[in-house]
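There are two complexes below, and they share subunit A, which is joined by subunit B in the first and by subunit C in the second.
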Partner chain A sequence: MYIHYHNCIFPQQTALPGGLDTLLPADGNQLKAIEPSYDGVPPGLLRRMGKAVRMGTGTALPLLKDLRPDGIIIGTANGGMEDCIRFLNQIIDYDEGMLTPGNFVQSTPNAIAGQLGLMTRNQCYNITHVHRGLSFEQALLDAAMLSMEHPHRNYLVGAVDEIADYNYNIDLLGGWYKKHPQQNKDLYEANSPGSIAGEGAVMLVVNGQPEEAVARLRAIRSWHGTNPDDARTNIEAFLQQYTDGNIPLLITGENGDNRLLPYYETCEKLLPGSAVGRFKHMSGEYPTAAGIALWLTCRLFEGEALPHHFYKKGKENTAGPVLIYNTYKGEQHSLILLSKK
Partner chain B sequence: MEKEQLKQQLKEQIIKFLNLTNVKPEDIKDDEPLFGEGLGLDSIDSIELIVLLSREYGINIQDPKEGRKILVNIDTMVDYIEQHRTK
Partner chain C sequence: MSRILITGIGAFSAIGDNVAANRQALISGQSGIRTLSNFPSRYAGSLPCGEITRSTDELKQSSGIDDPGVTRTSLIALQALREAITDAGLTPEQLRSSDTALINASTVGGMCLTDELYHDANNDGLAGSPFLSSYDNASVTLFLGQHLRIGGIQNTINTACSSSANAILYGARLLRHGFARRVIVGGADSLAKFTINGFKALHILSANPCTPFDAGRTGLNLGEAGAYLVLEREEDCHDKKTYAHCAGYGNSNDSYHPSSISDEGEGPFLCMQRALEAAQLTAGDIDAINAHGTATENNDETESRAMIRLFGTPPPFLSTKAYTGHTLGAAGALEAVFSILQLQYQESYPALRFNEPIVSTGLIPSASYRSLPVTHIMSNSFGFGGNCSSLIFSAV
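Moving on, here comes the complex of A and B:
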């Protein structure tokens, strides 16, 4: 499968060349997305949208100006969680009485793909994958299978998740976010459990045609399990099956949580000659954050130098294969192998 | 409550309920249509306004035909609220 167009909204500047060079800070252990003015979205629709739907549609619509995809495939773990909780609270506050429809309409995970279908009058394949920390990977897999079957068809693939008070507080209590104030610039030096929260939307237009493509998805693998030995086995098998061992750049989902570091170190040790990049100090941690790594890889393949704070070890600016390894809570793991052609 | 006070309160409630982030109370004219032209609200907004009347003023509109006569503009809504409010 080949990636032809991409767009992203996340907590750093994406519109300007070199915008990633300046790392924007977290606020209260949360990295919130920088939202554009959403010029292409009618104000009547925009005012009803929750943040996830706004980010998703706002990221996708610029890609769909001159393109009508044959499928809209979105990965999101939580969808419009903030509106969902607002709606549930209304049920309690108003004693199961009369409820307003807006929050309900916007709160389901498939509201993003649905809204995109409605706004672009697209009645093709429209699906949302909600596999928690592997939602985006499942959406990619779906698109890859469809692209193999119909190489000339275009598919919009996306990864979207928002910070909602509810899921932030639940994960904070669960120990997945740091309890002490943590600046994102020092995220990897914290040596403590938990990370910082993040959010964002990445959209890709893909098909099975290599001409003028930005990147090629060569392979993807995902698994569940908390055993680091399983991670080693899966990574080794993946490398053996899909690569010749030459991976100039490894991008990991290291997130400052010292409990997850052994997984990432395992991967790094298996690729001792690779440069290593990290991105969660820019995006924060969220279930579909792997989309950011893929988007950064596309920018790298287009010739844009990634910022110095991205690199943990070495520096890679060539068009060699890039491996992305991410784990969500040490339970869900994915490997994504990309190359320029 | 004075009629002008009620109008101001209703305008603020409409802005809040419908999330009209770029609209101020003074932008909404008392005799301006709420739907179509004027404020440009639509059918989903009409349900939000019916819920607003129920929650804030204890007015339950059961008949859609009745709703069409009430939700014309600020003047018609305020007249109805003054006559039928239970809280």
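Moving on, here comes the complex of A and C:
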């Protein structure tokens, strides 16, 4: 599968080249997306959209101006959380009294793909993968299968999740965010459990044709379970099956949570010659954050230098393959291998 | 290309604890719609629902689960899934193998715990509940995957009311592409304050047992269920018992409105048409339809229009939601199981509570239990967000 176009909304400046050089700070252990003005979306419609739907459609629509995809495939762990909690609060606060349905309809995770189908009058394949920390990876696999089934058709594939009080509080209670104030620029020095919350949307247009592609998805693998030996076995098997061992750049999902660091260090040790990059100080942690690593890889393949603060070790300076390793809470893991051609 | 065969089925709904009990209720026209009783709600004691009568504690006990964070949705799912894998004769080694995939659908997930979720989400000063990682849709899949030690790809799909139809479609494609050699596909949802109040706010819940395709229909009843199928490639089945062949599937978006279907049923028409194309069949080949048939004003009329447009005179059809209620994320898989039963036993079940056809379409669902020759059967599922899917199962 080949990636041809991409767009991203996340907590850093994405519009201009070099926009990532200046790291924008987190506020209250949350990194919130920098949303554009969403020109072209009717204001009445925009007002009714929750943030996830707004970010998802706002990231996709610029890619769909002159292009009609034959499928809309979205990965989102939670979809419209903000609407979900609004409706939940209505139920409890009004003791199941007279409720308004708007938040309920917008709270379903398929609202992003549904809204995109509606706004672009697209009646093609439309699906939403919600497998928590592997939602985006499953969307990618779906799109990869479609690209093999119909190489000449274009597909929109995306990763979207938002921070809402709902998931922030639940994951805070679960111990997944730091209890002390944490600046994102020092995220990796904290040596404590938990990360900082993030959000974002990445949209890609893909097909089965290599001509003028930005990147090629060479392989993807996912697995479940907290056993570090499983991680090692899976990474080793993946490297053996799909690479010749030469991976100039490894991007990991390191997120400042010292409980997860051993997984990433395992991967780094298996690739001692690779430069290592990290991105969650830019995006924060969220279930579909691997989409950001993929988007950064596309920018790199297009010739843009990634900022100094991205690199943990060394610096990538060739056009060789890029491996992304991400784990969500140590329970869900994925490897994504990309190359320029 | 090798055919995709169904080698195991499991179902747990308001009309039965297992597939055989579900079939018996369908044959005898026994509805499972009764007054809500299993959890506190302002609608307990009054709202008709397709409720599984066993309490969550009873389900925990019968499943041998003592994990405090497990939800009703997961327990319902586990029972149906165990039936399907036992039926298919999958061994623990096969489940653990990296070529066994689990594709699950849910729209409620752990939100059946609406009150617990309220406290945790608002972080109202109480300590977190045991359910902090149990609320999302994926929690059901992750529970099943961990409990049964599924070794291959796991995924969760939410396309609202067509979720588990898409889980089946996705699983079949994984097999075709060689990403798995056997897939367990299906879905589960339980009744929840969240969905009851959501559908109530949309004014599409009926105060009475629902009457699909009837002119006087007044809306849907919600239900809860779990249903799973095991799919395997024909080349791997050898002399295994097989039920049917997953012949075709179609997915479309109605792209009309977030919570209702276009007047002419464009999305429903397209997904049925695409399923026929994928199965390389024509409309005349379809012998029976398990309709989406929620009994809302909008669905039954638009689905009827789409069926008339595609089939002219549609083959015998009914909506089994009059028996089970609308089981949301489980509906596609549950109705796939019912379709497979129709195929296996060459029979048709009685549509319940139907009196008069819708004036503009005049369609009359199957009236009584009878034998019916079925070679190809279609099952429809349409959801919010315009997500429409149709599946075709054929005799092996």
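Note that the second predicted complex is superposed on the first by the 341 of 341 C-alpha atoms of A that agree within 3 Å, B and C clash if a C-alpha of one lies under 4 Å from a C-alpha of the other, contacts with A are read in each partner's own complex, and residues count from 1 in each chain.
Assume a contact is a pair of C-beta atoms (placed from the backbone, for glycine too) under 8 Å apart; a residue touches a chain by one contact, two chains touch by 3 or more.
Here the structure is a predicted model, which means the values were calculated and not measured.
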In the superposition on subunit A, see if there is space for subunit B and subunit C together, and answer fit or clash.
fit
May I ask for the angle at the C-alpha centre of subunit A between those of subunit B and subunit C, rounded to a multiple of 10 degrees?
70
Check whether subunit B or subunit C contacts more residues of subunit A in the superposed model.
C
Of the partners subunit B and subunit C, which touch A:Pro101 in the superposed model: first, second, both, neither?
both
Who does A:Arg47 touch here: subunit B (first), subunit C (second), both, or neither?
first
Scan A:Pro109 for contacts with subunit B and subunit C and give back first, second, both or neither.
second
Based on the superposed arrangement, let me know which partner A:Ile72 touches: subunit B (first), subunit C (second), both, or neither?
second
Overlay on chain A, subunit C to subunit B nearest C-alpha distance, Å
10
Intersected contact list for subunit A, partners subunit B and subunit C 98-101, 105
Residue positions on subunit A within touch of subunit C in the complex are 72, 77-79, 85, 87-92, 95-96, 98-101, 104-111, 113-115, 117-118, 120-132, 134-135, 138, 141-142, 145, 148-149, 165-167, 169-174, 222, 224-225, 331
Subunit A partner contacts - residues on subunit C that touch it in the complex
41-43, 107, 114-115, 117-118, 120-123, 127-128, 132-133, 135-139, 141-142, 145-146, 150, 153-160, 166, 170, 173-174, 177, 179, 193-194, 196-198, 200-202, 251-259, 266-267, 270, 383-387
Residues of subunit B that touch subunit A when the two form their complex
17-22, 40, 42, 44, 47-48, 50-51, 54-55, 60
In their complex, what parts of subunit A are in touch with subunit B?
43-44, 47-48, 94, 97-102, 105
